[in-house]
Amino acid sequence: MKNTFGNNVTLTLFGESHGNAIGCVIDGIASGLEVNEDEISRLLSLRRPAGAISTARREEDKFEILSGVFNGRTTGTPICITIPNKDTRSADYGAMARLARPSHADYTAHVRYSGYEDYRGGGHFSGRITAALVAAGGILIPALNRKGIFIGTHVKECAGVSDRDFGDICDDIKVLSGMEFAVLDTEKADAMKARILDARSEGDSVGGVLETAVVGLDAGIGEPWFDTLEGMISHAVFSIPAIKGIEFGAGFEFARMRGSEANDAFCIESGRVCTKTNNAGGINGGITNGMPIVFRSAVKPTPTISKEQETIDYVNIESATLSAAGRHDPCIVHRARIVVDCVTALVIADALSGKYGTDWLAK
Amino acid sequence: MKNTFGNNVTLTLFGESHGNAIGCVIDGIASGLEVNEDEISRLLSLRRPAGAISTARREEDKFEILSGVFNGRTTGTPICITIPNKDTRSADYGAMARLARPSHADYTAHVRYSGYEDYRGGGHFSGRITAALVAAGGILIPALNRKGIFIGTHVKECAGVSDRDFGDICDDIKVLSGMEFAVLDTEKADAMKARILDARSEGDSVGGVLETAVVGLDAGIGEPWFDTLEGMISHAVFSIPAIKGIEFGAGFEFARMRGSEANDAFCIESGRVCTKTNNAGGINGGITNGMPIVFRSAVKPTPTISKEQETIDYVNIESATLSAAGRHDPCIVHRARIVVDCVTALVIADALSGKYGTDWLAK
Amino acid sequence: MKNTFGNNVTLTLFGESHGNAIGCVIDGIASGLEVNEDEISRLLSLRRPAGAISTARREEDKFEILSGVFNGRTTGTPICITIPNKDTRSADYGAMARLARPSHADYTAHVRYSGYEDYRGGGHFSGRITAALVAAGGILIPALNRKGIFIGTHVKECAGVSDRDFGDICDDIKVLSGMEFAVLDTEKADAMKARILDARSEGDSVGGVLETAVVGLDAGIGEPWFDTLEGMISHAVFSIPAIKGIEFGAGFEFARMRGSEANDAFCIESGRVCTKTNNAGGINGGITNGMPIVFRSAVKPTPTISKEQETIDYVNIESATLSAAGRHDPCIVHRARIVVDCVTALVIADALSGKYGTDWLAK
Amino acid sequence: MKNTFGNNVTLTLFGESHGNAIGCVIDGIASGLEVNEDEISRLLSLRRPAGAISTARREEDKFEILSGVFNGRTTGTPICITIPNKDTRSADYGAMARLARPSHADYTAHVRYSGYEDYRGGGHFSGRITAALVAAGGILIPALNRKGIFIGTHVKECAGVSDRDFGDICDDIKVLSGMEFAVLDTEKADAMKARILDARSEGDSVGGVLETAVVGLDAGIGEPWFDTLEGMISHAVFSIPAIKGIEFGAGFEFARMRGSEANDAFCIESGRVCTKTNNAGGINGGITNGMPIVFRSAVKPTPTISKEQETIDYVNIESATLSAAGRHDPCIVHRARIVVDCVTALVIADALSGKYGTDWLAK
């Protein structure tokens, strides 16, 4: 059990919220891939909090590529990217008592690491670590794009408001790519934001559902047992804090369908094998069938809220009451979407580099 | 991407539906664990088709332990278990044309393995391979039980009928353990079965939702990034054919909750840290918090149905019509539940053997 | 730490000397590779004891391919091969006392597996397990040959007699391929055998050195750190019982050379980059340079001898004297050579399948 | 094939000689281990060039711990350590022609990375990367010491001069620990240094043999197949540039021994199982037997020499002559010894953390 993902292209995350820096190491990557630092910055900006619907705290996310890139291209050796933590004047954490924020990882971190965890700002469990993941995505996503593979995620549901379904997925992904609050029906964004602000004003937070599509993948990617594509994607996606569910294609709706409704009839379009429907979300038997991959991830409401909550002091093991002062995100659904894109890119880059070889991605 | 799961305790599956045998290799297991062949047989019988709601084909599942067990106990070396395939007189598969069963893996297997796949009866993609997984579970589950860890799964929903929620989970798991059609409210089983028979009589099939609980796990199991407990469980569970979604705790319901409703307040009961609710399904930040693990898996309707379906001949790449003759399962939800128990046992045995050491499970 | 090797093509070994069967699972292999059972049998026969210089016990090595092969070709799914153990009427092992054969694994197995090991005939530590490794080699070696890659090992030194060095390596490998006692200078074989018989008549055993060459490998295979080609080969080769040393190219002789003697000058021959000498054994910086890979492995004398030896009863922890009755190999150097070929084939098949992709080996 | 080593405690190396920084990530480490930055610095100083027998170039090796350490102890999360590259004013590398230094990795790197490698100063292949490995050792070695496990390496042979054998290994290791030029017989150091200076004055270089011992390891560490302790150690040690051979215990000398001489008789000393000799180097069947681990590594002469050498321009694929100007090490044997200690510590920390559990090392 490790902080690393992937068999061929691997990503290792490190860092704590209030430590010197966070970062990642990408290994197994093809040599010769263009690395565009502006694109990395652009993806990081999509993850960064902005506006009234996010925390007031502003992170700069200035990254440094320490290794593995030379003359603007990957060398094929491990790429270490660091993002220094600025302006982390931690409050006085010296107190002997520590309160577990409900549904946060404070308590589980304390048990897992026998009390030696860096508890400041959530430490290694902080959502801030996802910035490193996005930086890695800033290299992987353009590489996949050059191979005709595109990934896009929209806020399918937030605070009770639903976005429209994917239509022409290729077009939709293009539109989503630059959006700060990624929805397909922009009117719905306003409604969602209004409800987020409502929750915020009540010292509360909201959750949602992200829907992701991947187009351009060949049929034949994945394994029948264990390393199914669903298994690999879910493994990666669940490491995003706040994700608590994932479903592919019709997902849980399958439970209410009959086989005759659920099955995707195969057909031939312009000499290419397709299915008439895509209830399977592009995956049969753990392996891509050439149709778009479609999956949805459930995002729980941000656990940090300013409403008073019952909890415990987990150092002294006694009851306590928590009133979180300070800044927090009333919603992270819209910020998480680029993180889902990036972990999906990692899974796909890994699978393709295994199937077609180490250097394929740069060919 | 491999047909192996696990870092410390690993399971490798092999075999094809109509080959000589299917089986598995379990490695990294503690030495000295009792191996009760009757218990393995009992678990296999729970997976085996039975009665009118299942396929008419009967498999014997007589297994042989080839290695790794001596004098009734694990030796600590790799355990190979084989289950010979009996009575697999394949129909004449010699025809030049092959029809892709919709939402089956026939086509993706053909592409993935460049036409060299053993296509008879679904080959390596057959649900029959899960028998080997259950055989492994027959060693792992009793070992976890001896450590006070219990796993149980019930048919939460099938063909539109819902079972009651878990109540006292420890008691519920005990009751479920011996049931052929595992529900908590036995009246619901009759309603479900009636609807399965309806579907069957119409040449159709149904899906459902399985709900799994694990009790007795210490707090502190899992990793913050990538090898979160949710990530590991989902990775394993998605390799069960027909599973298309998974959610932990409140799962997709989180999307409609506010943080103040969603958060699980910590409290102290008899000196032990608990949470008042368990929306997190026992996992915070990817790590167990000591509460029961609870997750639900979506099972799609069996894709093999006798209704006529449009499809293609994937050898000649042309349209075709498929009328599946012969025996099939109108529902596999109830049969899949023991498989979910077994993969869950694998994930947990793996995680605990990593955390506490190779020999811990037998101590 | 596992009984599995490889990242892309993996091999898992299982079985005990006196259990039901030994065997292996090969995963990650390309689909469409021809599987020639006669060739597997032929390689197994090279490993099998024969004549007066080997143990009197005769093993049949009749293998069965349980999965992963269909119509004479690999399907791309895991290949399980089993070799049943015949005629293993174990002596009465029921005694309470057990004597550790010096320099055997009896004692370490007992400690490692907390007394639950299958101790009969060396159990999982028996050289017999290498038969499964050779069976795997019977699939991998022909596949590499079809790619122009050839592997050959000769008995470089045995009981104080030295074979000549490799000359034209391609020719030498061809000659070695069918030999039962593989030497380049056949007169030396007679001298070696005579000394082996001497040792045998004195109830003793001898060791030796195996020298292996690989031709046909592209430059560019390997990694700079950790997964260097030397690191991968040595990792695999050391799992052959009795191997206690390995050196690449000039190896330990480098210690007595100056840089100006040791360095291999690069040159161009027929437009191809070569080196004038091959002290590096074909590997620079962990990566192949296109010259033949050359390495030597030290084989210790068979630890089982009939001379009386001091030892302990490791159950009762008391001193004892051991006089091994029964059959044993006075030398296993010549039998080990095909095993070295097979593990080398595994390392190379794994590395190439990673570099060029899963399906490359069958293209 | 990756730049990462280990199953439980893993080490990933990154960086290029003339890039921004080199470094490593250690994952899977127990929480609560003391981290003494002075000890890390001390180990780094043992690796650093010094005096006339080393390159004139001086590296500062000022490291920074970016993550995973809090209040002077490991947190249990990934530890990233970086060492910035100072003063790397690369020569004008802009020329279109590039000469392959014989027996260096320039050419193989060029092929492996398709021409995108950072070729400045050896790039990712530079011995400088071992500084990151030593920094990791600076955390692992003290942790092992606290568990009663000690590792020591001496220059057994250099430029034709041999050091004495290990005597009382525990005492010897203590003495070696602080030595810059680590020999057991200090007079031999002077002779070795004299010969190194001779080679240097002739524009040449020398090699040697390092001998390593590990004491304090329990019996029972290792696996019978593939992940034997010899296999794991050799895998790690061969990633040290210049290592071309490794032998355990009697190693290649076994080839000239009879079984009756080679076998280590078991005996009981103060109730503890020992062997009278230690030809096996502490390992039987891939598993520790409780005796000291002893192995020797062959170090080739530094390939960079100032003597004129024939070579090629590997960009234009034409013959060339190389006269390496500038600073180089006439010998790196004495500098490599701390690196061998550190990779050995990694293998052992990994094995023990697997066997006894994640947290064991800090208990």
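For clarity, chains are labelled A, B, C and D in written order, and residue numbers in each chain start from 1.
Going forward, a contact is a pair of C-beta atoms (placed from the backbone, for glycine too) under 8 Å apart; a residue touches a chain by one contact, two chains touch by 3 or more.
For clarity, every value in this text was computed on a predicted model and none was experimentally measured.
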{"item": "Interface residue identity across copies chain B, chain C - same or different by half", "value": "same"}
{"item": "Chain whose mean Cα position lies farthest from chain B", "value": "D"}
{"item": "Rounded Å distance between chain B and chain C, as computed from the means of their C-alpha atoms", "value": "38"}
{"item": "Whole-Å gap separating chain A and chain C, where each centre is the average of the chain's CA atoms", "value": "46"}
{"item": "Distance from chain D to chain C - Cα centre to Cα centre, in angstrom", "value": "27"}
{"item": "Chain B residues counted as touching two or more neighbouring chains", "value": "2-4, 7, 13, 77, 112, 124, 224, 354-355, 359"}
{"item": "Contact set on chain D toward chain A in their complex", "value": "2-4, 10, 12-16, 19-23, 25, 27-28, 31-32, 64-68, 70-71, 73-80, 82, 112-118, 123-124, 359, 362"}
{"item": "Residues on chain B engaged by chain D in the complex (per definition of touch)", "value": "7-8, 77, 224, 354-360"}
{"item": "Contact footprint of chain B on chain A as seen in their complex", "value": "1-5, 7, 11, 13, 100, 102-105, 107-109, 111-112, 124-125, 129, 157-158, 160, 199, 204-209, 218-228, 230-232, 234-239, 241, 243-268, 271, 273, 275-276, 279-281, 283-290, 296, 298-305, 307, 309-312, 314, 317-319, 350-351, 354-355"}
